[in-house]
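Take a look at the structures below.
You will see subunit A twice below: alongside subunit B first, and alongside subunit C after that.
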Partner chain A sequence: MMSDLDYAISQLRACKPIPEPAVRELCYKARELLIEESNVQIVDAPVTICGDIHGQFHDLMELFRVGGDVPETNYLFMGDFVDRGFYSLESFLLLLCLKVRYPDRITLIRGNHESRQITTVYGFYDECLRKYGSANVWRHCCEVFDYLALGALVVGAGSSISDTDEIEVEVVGQFGEVISRMKRPEPSTTATAIGGPPGSGASGSAAGTKGVNNGAVLCVHGGLSPLVDSVDKIRLLDRKQEVPHEGAMCDLLWSDPDEIDGWGLSPRGAGFLFGADIVKHFNHINNLSLIARAHQLVMEGFKEMFDSSIVTVWSAPNYCYRCGNVAAILELGEERSGAGVPWSATDRTTVVRPGPGRRYRVFEAAPQDSRGMPAKKPVADYFL
Partner chain B sequence: MSSTPLRFPGPNRFRSDKEKDQTPEAKDRVVQQTDQDASQSRLSAVETGYLVDPFARAFVEGPVQKKLPLINRGTYVRTTAIDQLVTRFLTSTSSRKQIISLGAGSDTRYLRLLTTHRAAAASLLYHEIDFSAVTSRKIRALTRGAPSSPSSPSSLVSELLLSPPTALTDDALASAHYYIHPLDLRTLHPGCALPAGVERGLPTLFISECCLIYLAPQEADAIVRWITTDFSGDVGVVLYEPIGGEDAFGQVMVQNLAARGIVLKTLKKYSSLERQRERLRVLGLVGGQEAADVDFLYECWVGERERGRIGGLEMLDEMEEWRLLARHYCVVWGWRGGFGGWEGAWPVQGGSRV
Partner chain C sequence: MASSSASTTGSSTPQQSLMSQSQLQSQLEPIDISSHNFTTPSKRIHNQQDVDYFLTSPAYKLITTFILHLNASVSPLDHSTNALRNPAHYTLVSETTNVSPAVQNIIDLIHALDSLITQAPPDAGPRRFGNVAFRKWHDLVASSVPTLLDQHLPPYIASHPTAKSELLPYLLGSFGSAQRLDYGTGHELSFAAFLCCLWVLGGFEPGRDEIALTLRCFDAYFHLVRRLVLTYTLEPAGSHGVWGLDDHAFLPYVFGSAQLTTYPPSSSSGEAAAAAEVNAPKMVDPAVASALEDVPKPGDVVTSLVVERERVRNLYFGAVGFIYDVKTGPFWEHSPILYDISGVQGGWGKINKGMLKMYNAEVLGKFPVVQHFPFGSIFNWGAPSHSNHNTTAATTQHQSNINNSNSSSSTSRGIPDTAAPTSAPTTRAPWATATNNSSPASLSNTGATTRAPWAATGTPSSSVSITTSSSTPSTRAPWAKPPAPDNVMTTKPGEQPLTTAPWAAPQVPLYPTSAGMSAAHHPPPPRQLSGEDTVAPWKLGGEGGAEAVPPPPVTEANLGPKRTSSPDSRLAASLDGEEAEKRRGSLGTGGVRVAETGDLSLGRKGSVVKGENNE
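Right, the complex of A and B next:
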């Protein structure tokens, strides 16, 4: 199987579909692997967190060029691999191959498009039918969707992305050029922070210093749910099913943060809108420093909200070959000083935990004729 | 973090095709083909339940192409917003009036009016103007099928029209109430010969849905000047057009359409709601000018219940993309005289939620 797998990877990297029996075999192996995963996978930093891909295969290749290849870079993809783009099949199967080949170097969690119902409306079903002449491959893939984790918890992320400086946020372009840097503010002496108990490793400063227990980073495709007040509640869900129309599992994949107080109705018709108060409370009681999520197109590739307690990461540049946006991935480094303490859901030492050091790599769409791979001329729909 | 510099794609990023050397005829053909896009979009919106239009199927050649939910929603907003303006004009008084649809293509609005406002249509003179290549396709659709079959399109002509055609050729139709003119719009300018049956003294509403945008600015302006100088009664104009060609979305739109040979020639000049209103004012629609983008029209002109119905038709999960797209299309309307009760008839408030 190993050589078969490597062959499949090489085929898919060239954007060529693999035969139906190979897909069946791959999906079987992937299910065996994913069934062992928790609803909320624990992932150790360093890790590169990615948002929606949506079948934009050539842009996924661009992402790997910018962010490094698997297995050298440890990746976490927050769902929406399929639909909208022309190469959902190749994109998803490649990610799945990499998952089976390097299970500890890539984490895939479920997006709202990893669903039977949505893929029949938004293109993946049609694409499978077109490329294989039957819906078998689509069916195999949907069975894998049901086993994907609902979220991930990144632990051990460092407070700075630099060895020498306390750089909290760095934005880097697709050629590695630094676009902007933000230093972590000096530790303040104001009363906004509550000192950690002895031995917790907390500095007593909301601004944080090296060696702080930064709290974990919860990664989920959409956002929070009024039915879920703790990460442990997510662990209790029965995820191995089609995405339901309502309920906690649905909300995690469908909800959006918004400038409101509390909870609101979502214009998407599924999930909820949730405000800063919800995020800050959730992060506090779950000992999180940040929620990373995808799900919403942001023109700049990423968008931090609510005092950097939540970030949207979007990884499909020029979305649908129409939107003109840039894409981003989020790199979290590992704690260098070694003084960090293991994450514990019950360690609630500060009001607002200092976020981990964050490097956003921003990139544009791959050139049309990139690397000689077949690239169907995009025909984006407009009103004519 | 809000100070992150934006790095939008430059003008050369997404060019997927080299600019083709095209003859003027080939360029016209590309514009004519946009009519099939519009018909397909309308049929998709009808079959999904957004719109009721028993005539949509008759004007589509080939199988139904299912459009994405956001395209269906846009088609719905465009159609219903213009319907509101048209209906208000049509029902404001019982006196005789005229509608002239520029680049009408396979538009079904007149046929729909005949079923929904048949009484008002009796005092209406309706003209459609488009390239001969387009009107001939329409005439074919209107007369196609077995006359014996009551559901065939041929019954549209024989049964639906208020008056029998006095002239019917491959690409033209004339009757007491309805005309189809095979005419290049670029021949319309102040002082030009009026198309047959057009009355310059009647209160007249002009409609252009994605039509003037394909003409050079001076050609498009000449048509509006023709409207405001050669027609002596009250006149109103409704435009439906893309705007906002200067941002990242707009740049990609321009390039994607250019790759299909479609050039939005007045987009740059009339790139905002403000400029669109100013356009109509300067060209003589001095009674009033309003403009609203499609996002605004959906949120503010469509009632809450109806929005609930629309939202329930199919899952539109891409809200950001929808808003982006919907904010790049607008309806603009302006008038001269006490035109059709348009003034203050709808909420506008700047016409955008941005």
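Right, the complex of A and C next:
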């Protein structure tokens, strides 16, 4: 017999909301699970890293089609599941169901939109009211938000995404066709700028790193904080709260990399801008090969910056029905050669940690089939 | 929003918030330019309390009167007599529309700005979203507008030594933010204010120019804006995604629904039919009867063929048509608010009335939208710039509760109380106090604490230095203009679109954020930050403020369309005691004000908006 959870999953996969009591139960289970997680979850490669979803449920289904389903594929979602789109509720609850059902096969970390204050402004609150007639479901979800991890550390990623060649970066289209490949430069190569994969449409944004891999990959929704100089500092935070307006936790969810030196004020009003020097220094002292983050729309779905020391992954195609962007997910394979050295926060023997092998799967918005036309809901009070 | 913005009339009766006919008229009465002292408009709104005050200011009265006046002027239904005029005379392409030279001049001005787009072609280079060439266009506009005003304004205004400097900021603020590469309803409001300035300077003729101003001049403006949005991929300012009325515009929905109003608002289809029946015998003119059949139904916005036909005739459909242009996917999915409104049974008059109320609450009452609206001699602030005065006492009390909780939570995290700026020249986050406007910020990192470095009032220190071309953590309202020309935050092309922090303005922080606070104890969200549209009324009941008390569940029963009591009275009734009193008062301002004046414009008790009789 199908369990309640499996039934909920099947409902949500069909983009149907589940009853309020089921949401309450689900959120309760999810909290029990998430409370055990560290602020920075350790995740073993292989893993597929995803960026913002923003309630684009049909595109999330497309993501699973392109990247493989749970639990076959191990996923890491970097937050911003909700707001702006029409199906924040279905998207978030499905991910949450999958988390409860397959806790070791999917990791959810918190985005700046997983917040009471932000969801009241950007749509999720309205959506819950509209779909349930009360804010209870919104409240349940917000309580889960408070327990989401702030980041994740992917360890054991291989240096190549290929068994045979030393392929460092591969861009694959939504039907599995290889758009471009870039071999890892010889270790002796000097650190000159390397062009992006030709024809990838990635505007040369995948620059490649040299040498062999060993560092871990830090995944966080926004970026770095001037108050956090080590991954361990993140572990010390008390995350079980609403996202503050300032401070380390806020910055991790709000900051953006930018072509500046050092730190800059963010036009967002929260978090900071941080430059290449900040990223490289942070990666070095934390023995990281790469920071993966989301938080910013990129037309090509992903964008590597600062000599591939940081990458933005964006997973909401045709954002807001009008931006015309493609989406991407980032696959990190596991170390196959056995030569990989376990990650250690203290081993800083190499000056620049080379990046892991990276396969970007790029995909477009789900086709708009006949999604039907729902009944019109009662309008806002203004029109009564 | 409506209620939180609220308030000033805590002790006054609803009647007091009604503008009398004479007040309405005097609001739009031309001023004598020769004896008038013009001032360069300046920013007055620094926080939510200032918005509350704004809603009682002469400037607010002026802009709402102007909008209501134009709104009534383009409605086929004469609000004063309930007489039906020929709807065919109220389309965007009606040949009966009298476009006077005064209006044509402004349309030509808009076309001149439009033609500057060719001189600032969009950059082809890599970018994230918004196109930086928009800044070039904006610069071109800024440099050519003084000359263009000389050419297109009446000579007595153009030649006046100081009048132009008061008009200029409103016009320049009408076309989006060059800094953030976005556009929103705040910019739209600025254009309405520009026209309103010209109106009170006697630049247009009452009774003659209203229709052309609304249906020709505004339409030209909307077209320019849409072209800008498309050319430079301008981000919606403060996008709410699918949960906003529209990504960019509001007034086309106000005026457009007025254009289609042929019978008074009714609350059911039955009444609507009855109203139509009542009107029918009056229609002796077969041309009117025929035109009436051509008026699209609210439900037609989901029919792309009808939208294509009507978009050239009607502002509402023009805006919907633009949505069809830029968005893919089902209409009900990407525009659920408009979709729901398309099911309103009370007719276009009902929709028009709702749009006016919504505009009042979601545009004029929203701090992020109005914060950069400048005030001068025409849009008169009418009082000391800060909000600690008597008329806002009611709100201030409410607000100060929140502020207190804010400051106490801040204090608990080590932020000096002095951190809160009270008269900062630019609007800034309350915690963003260390940086001043002029000097590059180089702030100390306080290390072990979780404070953001800028919260420190400290002097430059070595550990972390914040380098920025702008030292001002300016307010995030996406359309916000840079605080000062020499202080522009250089926004890279790649920074749009982005989610801005709602609290980035000195808006009231919503939640105690002290570490360790349990999730269950978060109070429900106050209404200030409610979404662009439907949120506010529902959330009222939840805004108790007391922690650990969940807001009363909103049920179908009290959300249902059949409710007879007004939303405001219901909401007020759900509260009790002092809080309720405050609410009722506040609703009297924020929620009811435009509703009431809207009633005026709809002809209640013979009240007439000036100019209407001239038709």
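Here is the rule we go by: the second predicted complex is superposed on the first by the 342 of 384 C-alpha atoms of A that agree within 3 Å, B and C clash if a C-alpha of one lies under 4 Å from a C-alpha of the other, contacts with A are read in each partner's own complex, and residues count from 1 in each chain.
The rule we apply is simple: contacts are C-beta pairs under 8 Å (C-beta built on N, C-alpha and C of every residue); 3 or more make two chains touch, one makes a residue touch a chain.
Please read all numbers here as calculations on a predicted model, not as lab measurements.
> Would subunit B and subunit C fit next to each other on subunit A once aligned, or clash?
Pair status: clash.
> In the superposed arrangement, which partner chain does A:His221 touch: subunit B (first), subunit C (second), both, or neither?
A:His221 contacts neither subunit B nor subunit C.
> Should A:Glu242 be classified as contacting the first partner (subunit B), the second (subunit C), both, or neither?
In the superposed model, A:Glu242 contacts subunit C only, not subunit B.
> Given the touch rule stated above, what does A:Leu297 touch, subunit B (first), subunit C (second), both, or neither?
Once the two structures are laid over each other on A, A:Leu297 reaches both partners.
> Under the stated touch criterion, name the partner, subunit B or subunit C, that contacts more residues in subunit A.
C
> With the two complexes superposed on chain A, say which partner A:Arg359 touches: subunit B (first), subunit C (second), both, or neither.
In the superposed model, A:Arg359 contacts neither subunit B nor subunit C.
> If we overlay the two complexes on their shared chain A, which of subunit B and subunit C does A:Gly133 touch? Say first, second, both or neither.
After superposition on chain A, A:Gly133 lies in contact with subunit C alone.
> Kindly classify A:Ile179 by the partners it touches after superposition: subunit B alone (first), subunit C alone (second), both, or neither?
first
> In the superposed arrangement, which partner chain does A:Val171 touch: subunit B (first), subunit C (second), both, or neither?
First partner only.
> Let me test your reading of the model: by the given contact rule, A:Lys99 touches which partner, first (subunit B), second (subunit C), both or neither?
In the superposition, A:Lys99 touches no partner, neither subunit B nor subunit C.
> Who does A:Arg13 touch here: subunit B (first), subunit C (second), both, or neither?
neither
> After superposition on chain A, which segment of subunit C among 495-503, 567-575 or 585-593 overlaps with subunit B?
Superposition on chain A puts subunit B right on top of 495-503.
> Indicate the residue numbers of subunit A shared between its subunit B interface and its subunit C interface, in ascending order.
Common to the two interfaces on subunit A: residues 112-113, 117-118, 121-122, 254, 256, 267-270, 296-299, 318-323, 365, 368, 377-384.
> Along subunit A, where are the residues that touch subunit B in the complex?
Its residues touching subunit B are 112-113, 117-118, 121-122, 169, 171, 173, 179-180, 182, 254, 256, 267-270, 296-300, 304, 308, 318-326, 362, 364-365, 368, 377-384.
> Quick one: which bits of subunit B touch subunit A in the complex? Just the residue numbers, please.
1, 3-9, 13-17, 34, 37-38, 41, 67-69, 71, 74-75, 78, 210, 240, 242, 247-253, 256-257, 259-260, 262, 311-312, 314-321, 324-325, 329
> Mind pulling up the subunit A residues that touch subunit C in the complex?
54-55, 83-86, 112-113, 116-118, 120-123, 125-127, 129-130, 133-136, 139, 142-143, 146-147, 203, 226-227, 237-238, 240-251, 254, 256, 258-270, 272-273, 296-299, 318-323, 365, 368, 371, 373-374, 376-384
> Okay, in this complex, where on subunit C does subunit A touch?
Per the stated touch rule, the residues are 126-129, 179-180, 236, 239-243, 247, 267, 302, 326-330, 332-334, 336-337, 339-344, 346, 350-351, 353-355, 357-358, 361, 413, 429, 431-432, 435, 441, 445, 447, 449-455, 464-468, 470-476, 489, 491-492, 494-495, 497-505, 509-511, 513-520, 522, 524-525, 529-531, 533-535, 537-539, 542, 550-551, 553-556, 559-561, 563, 567.
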